[in-house]
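Two complexes come next, and they have one chain in common, subunit A, joined by subunit B in the first and subunit C in the second.
After this line comes the complex of A and B, so read on.
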């Protein structure tokens, strides 16, 4: 019987080509866009090398120093005590303004205050700010360099194609060694396969290549660079006790909120020597996701940014899936209403209500599955072209099969529901009435 | 075979109340070929629908094939319709999405009949109405008379004990009409099928065993 239902569904769908096309287009296009969106987030937030630890990361990106200015107003109150004037002066301070400076950190400040937090397993400082020029065969190549320490490699677990990361002693000894990204190996050395031990000249210094890492497929700043060097090779571009070019990533031992709190309380120990210039220091440690959200929607509280962005996203995605679902329901309902006399005829010749319902449900299942398949293929093709064109930068989209199945399930659910409800209503009609509503 | 006791059908709408059937008492025995005549709107189709369990009477008792079908639940009614009844509707009611042969095999689809057997039986039924060469056409590609004959093939393919035909020759010329009449008579004589047929044609009515006349929902002869 199932075979009959499928056969029947196929016949009906192939007979109603225009209708079927519209429905399939709706289903498959929706699925495709959903797949693209989610695979983008999967690429950015999926737990993949080198971002496997992303959910345990707490990032110290910026430090804010604030100068709050006060005006003191003296109020003199005069009273008379047995004819003698008594002056009673009260002082009232009023916040009259503030000036704020925000920047990344001075290296030493990070080293001194945040290395030994209780709830962290590891910490790394890195400096990704500046672009550098290198020359290949007389042509200039602009590359991004990350100056980092040795624990960087434990926190960001890069896949090494060959070679190794630099270690702590190389960092302290200011060794002129480099780990380079696959893309730089290609652009700098060309087809030459043996790049280990070769040299790259940056800012008139020669660095020996000791490792090549696979290009990451997501886009956080510290990892999408072309080259990694021991940070001791970097020059602090400005001498300031607080500000500099460095950021820090803390690998929490599980409780990121605790790590954040510890970092904040550690920041209270930083003494503000320049009392007259700044009198308040603000540190806002963020998780990886908050860092991302903050860039899209700024709120003083990074947790709120993330919340806002998350809800916005959920809202948009639901809206996006809701519109075609409503359309699907609408089409299905009107289609089944159109077929009320078919239902009447089938029942007159002995179809039971459940057989009628099964038939319509099968039609919807077959239709949704075909739509799903097309959507899957479309998404696949679209991803291929997006990845080829590099229009999302380093981000490489991948098919997220489980999400695809979830979306398909949603479509199936609504497809079945929208077939079932009107069919249920029609099957309850007296056969004569079903026959009369729409003459075949 | 078919027994109606005091059967009435009243259609109520907001503005008007129509008595489509008024206290009909009727007994049709097995193997009988009965024709029903009467002016348009007198309740002929309604009577047929009530007998065929397509509509419920407002009042009265119906027994078909010795069974008090009124008390059946919907599943049992479906089975009964499927096994015992065949319909030819006044306006064909073919399913436009299905080919001719798929339309014809409809009653068998709801029985346990293999696909191969369904195909054979349907082809045979189509052959008996002279449409074997149109098996793979769709209803929209057929003339009115051809549609009528497909509807007949569908009604007889399951070899029902009772055939309810609402103007089966209404859309046919007299030659084709006579041929359809021959098919029905043959079915009645060879398979002992009980047939109730609505017709406007005195000549057709004359060829049946008995003629009922309805007028304004009441039986007048």
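After this line comes the complex of A and C, so read on.
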């Protein structure tokens, strides 16, 4: 039976070349774009090293200090109280201005206040702001450095190609050791394979390479750097008791909202006595996804940023799927009568409505799968060019089993969606009507 | 005629409804994408306010913990020695607000009696020269201004337009972060990038030797090779006794910054273009097919004396009326966005987007309808009626 259906579907496809072209063009291109989007999301939000813990992360990125100025205006006015003039003073307090300062944290502030929250499994501080120019073989190399502590390696589980991460004692001893990314190993040491134990000179200091990690394929700041150093090697450049160059990532024990609340209440204990410019301290802990959304659309409340971006994405995606689906439905519906004699004959020989329905949906799925295959090839080619041109920055698109399964799912969903309505209409055709209009 | 066409549309209301929804959705997609594109294109076409070609940035170490006198001497030496290099035409010290730094400093206050909120920059007297900024009124800072009774301030045109209705503010006093005398106006300073908003901006003067002004803008001679960087690097390293400063080419920063906007823009536009082609092809197919199905009707009309142009007119009108309904529906929904002030974009972008989307949809639909209806009009009554 299935063999028959496939045969039929193939016949239908090869009969009217122009319509087949329109159908396959729409299906394959739509599926290609959907596959690329899926692949992008997998790269950024898929559970893979070093971001396996991303859903449990709470990030303290910025601290905001603000001064809100209030002004009380006294208005003396004459009013009449039962015919007698009375002076009445009204006070109106309003916010007349505010000045805000936002920056990343002072290292000590983070260490003192957020290390022992109840609901976290681990916490790390890191400083990703530092870049150094190094000249190797007459060409400039810019090295991005992340100064971090030892728990960093537990929270961001990098894949080590060789060597090991630095540990807590090396951090406290201010050991001059470095973990470097594969790309830096290649550009700094050239084709040399054994880089462990070699030295990299940055800012007139020599760091011994103790580990090489695989380049991450997603884009968060703390992980796409070239080089990781114990943070004790960094000079804290700001002497401010609140602001500095550090951010913090907290690994929550499952309940990120609780961790966020704890972090906020911990921030209430920070005394503002060490300065006299500001009168309010604001901390907005964010999850990994919120951090991402915030960069795309800024709202004071990071949760709202995420909400806005999600809705925008869902809206655009569903429009994007709906249009080609409608297009296909339109084409299929108007071409029903082509097949009416076939339906008539099948029904006359006892085929039930559901059998006809299955046949046409099945045919459509075969069609979509062929389109999906073309789309898959197109996506493969597009991925190659996107990765080659590095147009997504550090993000590398790749194909894997789950990507293939997702694609298949998308194809089936698309096929059923676009085939159901025309098939329903066809299956409901009366035998007489079906046979009447066309000559056999 | 119109009544007749409405009846024809109503008779096939189910399949027509699907076409209507398709056009409606295509309109909404076009509207959303074009709003975003138009917004960015309008930003792109506005002046940046400074030159990026042959301009370099140098980011020195933090100087705040160093001895003031030491810093003063070092910075003066650096300024002099850099200017002595053949390929360097101008040197300026600035604080952390400079092209593509990504930093923002903003302040608000109502000392003038109304609320003013503006971006700030702290720069020296060579800044405009080093970046080739356009001073449209008055003049830029001079070293002597540091000694004048009132400190000077320079504003951008957006500041003047937003808070003073475009009046001439030169030599007026401005109460904004203290009393300042306005000495000049620049056309723009969109240092955050080609696609950033043109916001009010105020410039304050800092002395060259200020510890906070640890960034340098270098105006290079035209076509300075990239390899020249090593020479500059060595000189700075000798004078500052440090190697942890960074040199960057502003033009490259501009390119990589713009790329971050161009990539989603091009991706969106190509997806949108594909959707349009897809919808057009589908529509063409449906129309062609439907018109072929109506040979009997065409034959009859021709037989009773309708001209061939009447036939094509009928088919084009049919689809155009359907399109008009769909587009009106689309406009009705789309216009709610600027009217209710939803989303982050300025309304004007969306009005443009609505107009252009309407134009594109109508053109596409007409193009799709032309061929099938022309074919229908060429049908001879004899061949059309022959089969039945």
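Points worth noting:
Rule of thumb we're sticking to: the second predicted complex is superposed on the first by the 341 of 440 C-alpha atoms of A that agree within 3 Å, B and C clash if a C-alpha of one lies under 4 Å from a C-alpha of the other, contacts with A are read in each partner's own complex, and residues count from 1 in each chain.
We take it that a contact is a pair of C-beta atoms (placed from the backbone, for glycine too) under 8 Å apart; a residue touches a chain by one contact, two chains touch by 3 or more.
The shown structure was predicted, so the numbers you read here are calculated from the model rather than taken from an experiment.
Once the two complexes are overlaid on the shared chain, A:26 sits against subunit C while remaining clear of subunit B.
In the superposition on chain A, A:98 makes contact with subunit C only, not with subunit B. Of the two partners subunit B and subunit C, it is C that touches the larger number of subunit A residues. Of the two partner chains, subunit B is the only one that A:351 touches; subunit C does not reach it. Using the contact criterion defined above for the overlaid structures, shared-chain residue A:116 touches neither subunit B nor subunit C, since it reaches no partner. Judged by the touch definition given at the top, the superposed model places A:192 against neither subunit B nor subunit C.
When the two structures are aligned on the shared chain, A:15 is found in touch with subunit B, with no touch to subunit C. Once the two complexes are overlaid on the shared chain, A:277 sits clear of subunit B and of subunit C alike.
Judged by the document's definition of touching, no subunit A residue lies at the interface with subunit B and also at the interface with subunit C.
On subunit C, the positions that touch subunit A within their shared complex are 15, 18-19, 21-22, 25-26, 28-29, 32, 61-62, 64-65, 106-110, 115, 227, 229-230, 233, 242-247, 259, 263, 271, 274-275, 277-279, 281-286, 289-290, 293, 344. Note for the complex: subunit A touches subunit B at residues 4, 11-12, 15-16, 341-342, 344-353, 355, 430-432, 435, 439-440. Looking at the complex, you find that subunit B touches subunit A at residues 49, 52, 54-56, 74-75, 78-79, 81-83, 87, 89, 91-98, 102, 106-107, 109-111, 115, 138-139, 154, 158. By the touch criterion stated above, subunit A contacts subunit C in their complex at residues 18-19, 22, 25-26, 29-30, 33, 96-100, 131-133, 135, 138, 140, 142, 203-204, 235, 237-239, 297, 315-316, 319-320, 322-324, 326-331, 333-335, 337, 391-392.
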